[in-house]
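Each of the next two complexes has subunit A plus one other chain: subunit B in the first, subunit C in the second.
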Partner chain A sequence: MTQTVRRHGWAIGLFALLVLLLIITKLIQPGYGASGIGSLARAALPFAFATAAQVIVVIAGGIDLSIASMMAVTSVTAAAMMDGASEEFAVVVVLFVLLLGIAMGMINGILVVLTRVPDIVVTLAMLFVWEGVALLILRAPGGAAAEWLKGIIVGTAGIPGLPAEITAWIPKALLVLVVCLGIVWLPLRRSRLGLSIYAVGSDALAAFRSGVAVNRTKVVAYAVAGLFAAMGGLVLTMSTGIGAPIPGPYLLASVAAVVLGGVALGGGRGGLLGPIIAVFILRLVRTDLTLLSVDPNITTVIEGTIMVVVVILGGLVALRGRSA
Partner chain B sequence: MSTGTAVAIPIGRRLRRFLRDQPLVPLIVLLVGLVIVLEVLRPGIVNERWIANTIKFAIPLAILASCQTLTMLTGGIDLSVGIVATVSAFVMATQVTTHDPAIAIAISLLPAILIGLANGIGAGVFRVHPLIMTLGLSLIATGGLQVYQRTVLATGSAIPDSLAWLGTGRTNGVPNSLVLFVPLAAVIILGLRRTGFGRLLYAIGDNENAARLSGVRAWQVIVVLYALSGLLAGIAGLVYVGLIKAPSLSLAVPLLLPSVAAAVIGGTSIFGGRGGYGGTIVGALILTVLTTLLTVLQVPEGARRILFGFIILAVTAAHVRITEDS
Partner chain C sequence: MKFLPYAAIGALALAGMGTAIAQDGSYTIGVSNTVQGNGWREEMVCAIKAQALASGKVESLNIAHRNTDAAGQLEDIRNLIQAGVDAIVVNPANPEGINPAIKEATDAGIVVVAVDQAVTEQSAFVLSNNQEEYAYLGAKWLFEQLGGDGTVVYMRGAAGASADDDRDAGFKRALAEFPGIKVAHEVFTGWQQDQGKQQILDYIATGIPFDGVWTSGIDNVIVDAFVESDVPLVPIVGADNAGFVGQLNSVEGLVGAAVTNPGSIGGAGVTLAVRILDGETPGSRTVLVDPELWENVTADGRAKLAAAADPSLDPEWPVSISVPEWTNYSKAQIIACAGPGE
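Here is the complex of A and B:
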């Protein structure tokens, strides 16, 4: 028990912060309830997938600046393919788009390995490339999404065996998030491959000497990031009903959530839980400021300040840890 | 290595050594190649007027890229330059309606230096990764600029004649912005080579621990460096608004990624300790000519960005191959 607490200390602290924020929200807006949580989960979805994508690359010792652009590519692809197509065809579209995401991530990873250029430069270049691809697919926002897909993330889900009072508090969007992340992350985390990803991020040379296929592991990490980015892109199309070729603010938000979530930017440390809770915290802060009817522009300033302060505090903690 | 023994060295390695010692040569070859391709595609396009225009558009980019060059030498990066330049340009354009141009320019450079100072304190004192620090501050600055815009809605905006002269004007066919840029570039290039501050940047980028053990107060250097980077970005914004003549809330933001690209293409290592400003200037020229080339070819915006991305990647990969020790 104490070991679990110690291992997940950061995530538990974040969760406490989230609960505290929820209480504050309730104090600001006494009517805040199940519907508020539902819209929070829906708003957090694309951010959460972008963050998940960033987490796995950062753990593997890299950084992916092209995530928002990959989300734009998958979003416009899905919207363009579903435009005028039948509801059943959307299943094919979803599968195709997920494969597309994996392929894009693999291209990122292969380029990082082949060119031996730092990750940050390669993914900066690929940010341009994927943005261009998205613009070639759809010049302006457009396309459509199948009705059943849009329905997936709206409302609450009835879970058999649970009374309606409880399921009313569980939005479908949250379930979609947990299921999608769990299906990919949990098996990966427990596999040999997952261990290799941590090893490569921690010390690539030591991993190589211990017989880890460093290059292959890196490519896999980027491919999984591509898969998460594709999920994020699909969610964007689902929630808006169209695809937009201009990347959203997901890059910066994903890096902020990764840092706030306790994942070391140097690689090899951290998990998925902390950053995902961090995403909800950052979204909830935005909600609170909106509820307090703060000017949205000032909200941006406050959000940025919070992010910078969090990172500075993280730096201070790391400094003290080093000198101790 | 005397010339007598050089015969025995394989041509490939000799070429690589030459390219490593003279990193500017392949860049200039690439630049000339692009200009030749442009002339072949559109005979007659390359004339005095075109060259002047290219230089005019390359200069704000080159000044912004100087921020990237200087910060990259210490292993950092400054992703706030796009918004800092925009802030300066916008503040100047709105303040000039009530103040003297010189005072408006001074007022407008103040937020630029302050943002840079905050970047430097975060990166130097609190040891936050510059990428995160500058991204975070650009978010804050974006919001701050929008709040500021609300307070000056009624005042309108103007571009003082002096900045328009500097940004767009030509004297005997030579762009006036060179009056500012040539001394600035000379100061940066000589400053990096000859002054203690310049050498400290290389030393910190090469091995920060070694620099610190040798008695360098690294944090002071970093704070000054990022404040300087903010000031340079502010100047770039003023030159750019003199060229574009339409201040907006996103004026120079699209120049951010090209500014990183120009420094990277110019051979400055993003890991620090290697590079210089000469290559960056050629990199900015290459990017400007390339943009013209793609416009002439009527390449759609999407394909243009794709090509742009792959060129950054290919040039950097070539640099890694050439400069790494064999």
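Here is the complex of A and C:
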């Protein structure tokens, strides 16, 4: 028990902060309830997938600046392919787009490994490449999404064995997020490959001397990031019903959530849970600032300040914990 | 985490204010806009504030104004629904991409008015500038100036934006009518002043001759670039931004035209929302505001430009700071940019 608390201390702290924010939200807007939670979950979806993509690359000791552009590519590809196609064909589209994400991620990873140019430079270049590719696929926002796909993230789902009063508070969007992240992350985290990713991020040379295939591990980390980015692109198309070739504000938001979520930017440390909770915190702060009708030019200042304060406080707590 | 208790106290105080809505015809209006830091959009937001104040019927505004995409706008609109506003004035990031949230808003009894660009959701009202006509009007004038023969630099807006796509359709329509006109160079300014200026400076530096420039509203810096490079001016078409209108009146040898694209359409959106809340539903779901063209070649055009010029405005603000029959704020009010309670 104490070991679990120690390992997930940061995530538990963030979760407490999230609960506190939810209480504050309820105080600001007494009518805030299940529909508000549903909106929050849907707003968090693309940010959460972008963050998951960033988390795995950062843990492996890299950084991927092309995530938002890859989301744009997958989003426009999905929307363009589903335009005028049958509902059933959308299944093919989803699989194709997920593979496309993996392929793009692998290209990023292979370039990083082969060229030995720093990750930040390669992925910065790829940011422009993927952005151009997205514009080649769709010049302007357009396309369509299958109705069943759009329906996946709308409303709440009945879970067998749980009463309706509880399931009314569990939006489908949240379930989609948990299932999609869990399916990839949990097996990976427990596998030898997952351990290698942490090892490479922690100290690539030590990992190499311990027999870890460093290059292959890095490529896999980027490929998984591409997969998460593709999921992010898909949820963009699912929520808007179209594909937009101009990347949204997901890159910097993903880095922010990674930092706030307790993942070391140097690599090798951190998990997925903290950053995902951080995504919800950042979205809820945005909701609260809108509810309070704070001057929109001040909101970004407040958002940034909250991030810095939380990270500093967290650092202080961690320091004290170590010295005690 | 010291700030949190204070935030909670502030929150409670504001919650008391927020719940008192729609009494004595005083409404709460939400605003959603996805481009920040652009002169046109800033004027739109100021027009919304000024009109809300001038109408006397709006108790407070709740403005979600940031740089984001359609998915971010879905989030903002849903937050405004949670805030319990009576109406939402939205400049849509995309004509289709925000439909789900608009539907949720209108289902909740909230009046939604899309300004500047249209949305396809049938439950929303649309008060929009006709972007296709905007580009056609200016491009046609430019091609006529060149006698239907020559090459032009085509400086577009933001790649992938729907307004840019509509304008492209209008530009291409005019181009098809003039087979002798060729596009020498096509660039996206991203509707950014600095970027547009650098692009035209780069092109001038190549030394390739061209006969005219069509810009998607990044105009005064283009004239500046010609003047600073000390090269002969060519006919330039831009928007009715205060800086460019001033140049059309004063810069020696500049032949050009300004096409109107009022940012004050935001104020008109507030008026429409208030009218609907008061029970006056308009006959048509869509109201299109057609652009006008002011050129400095004929005496009539010069008179219009002289009347429109307003050096007291920010050079990036459109000079059409009001929409006749739709807005009733004063010039001082829009420049003050203050909404109810500010």
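Criterion: the second predicted complex is superposed on the first by the 306 of 324 C-alpha atoms of A that agree within 3 Å, B and C clash if a C-alpha of one lies under 4 Å from a C-alpha of the other, contacts with A are read in each partner's own complex, and residues count from 1 in each chain.
Heads up, the rule we're going with is that a residue touches a chain if its C-beta (ideal position, glycine included) is under 8 Å from a C-beta of that chain, and two chains touch if they have at least 3 such contacts.
Here the structure is a predicted model, which means the values were calculated and not measured.
Student: Overlaying on subunit A: subunit B and subunit C, fit or clash?
Tutor: In the arrangement built by aligning on subunit A, the partners subunit C and subunit B clash.
Student: By the touch definition at the top of the document, which applies to A:Val255: first (subunit B), second (subunit C), both, or neither?
Tutor: The first partner, subunit B, only.
Student: Please work out whether A:Arg283 is in contact with subunit B alone, subunit C alone, both, or neither, and reply first, second, both or neither.
Tutor: A:Arg283 sits against subunit C, while subunit B stays out of touch.
Student: Touch check for A:Leu135: first (subunit B), second (subunit C), both, or neither?
Tutor: both
Student: Should A:Trp185 be classified as contacting the first partner (subunit B), the second (subunit C), both, or neither?
Tutor: Touch partners of A:Trp185: none, neither subunit B nor subunit C.
Student: Check the residue A:Thr299 against both partner chains and state whether it touches subunit B (first), subunit C (second), both, or neither.
Tutor: both
Student: Under the stated touch criterion, which partner chain does A:Gly36 make contact with: subunit B (first), subunit C (second), both, or neither?
Tutor: second
Student: Touching A:Leu291 in the superposition: subunit B (first), subunit C (second), both, neither?
Tutor: Once the two structures are laid over each other on A, A:Leu291 reaches subunit C alone.
Student: Check subunit A for residues that touch subunit B in one structure and subunit C in the other, and list them.
Tutor: Of subunit A, residues 135, 139, 245, 295, 297, 299-300 contact subunit B in one complex and subunit C in the other.
Student: Touching subunit B in the complex: which residues of subunit A?
Tutor: Going through subunit A, the ones touching subunit B are 63, 111, 115-118, 120-122, 124-129, 131-137, 139, 245, 252, 255-256, 259, 265, 295, 297-305, 307-308, 311-312, 314-316, 318-319.
Student: Quick check: in the complex, which residue numbers of subunit C touch subunit A?
Tutor: 1, 3-4, 7-8, 10-12, 14-15, 18-19, 36, 60-72, 74-76, 78-84, 93-94, 96-100, 158-162, 164-165
Student: Applying the document's contact rule, which stretches of subunit A touch subunit C when the two form their complex?
Tutor: Residues in contact with subunit C: 17, 20, 24, 27-32, 35-36, 39, 42-43, 46, 135, 138-142, 150, 154, 236, 239-242, 244-249, 283, 286-288, 290-293, 295-297, 299-300, 309, 313.
Student: Which bits of subunit B are touching subunit A when the two form their complex?
Tutor: Counting only subunit B, the residues touching subunit A are 122, 126-129, 131-133, 135-137, 139-140, 142-144, 146-147, 150, 257, 260-261, 264, 270-271, 300-310, 312-313, 316-317, 320, 324.
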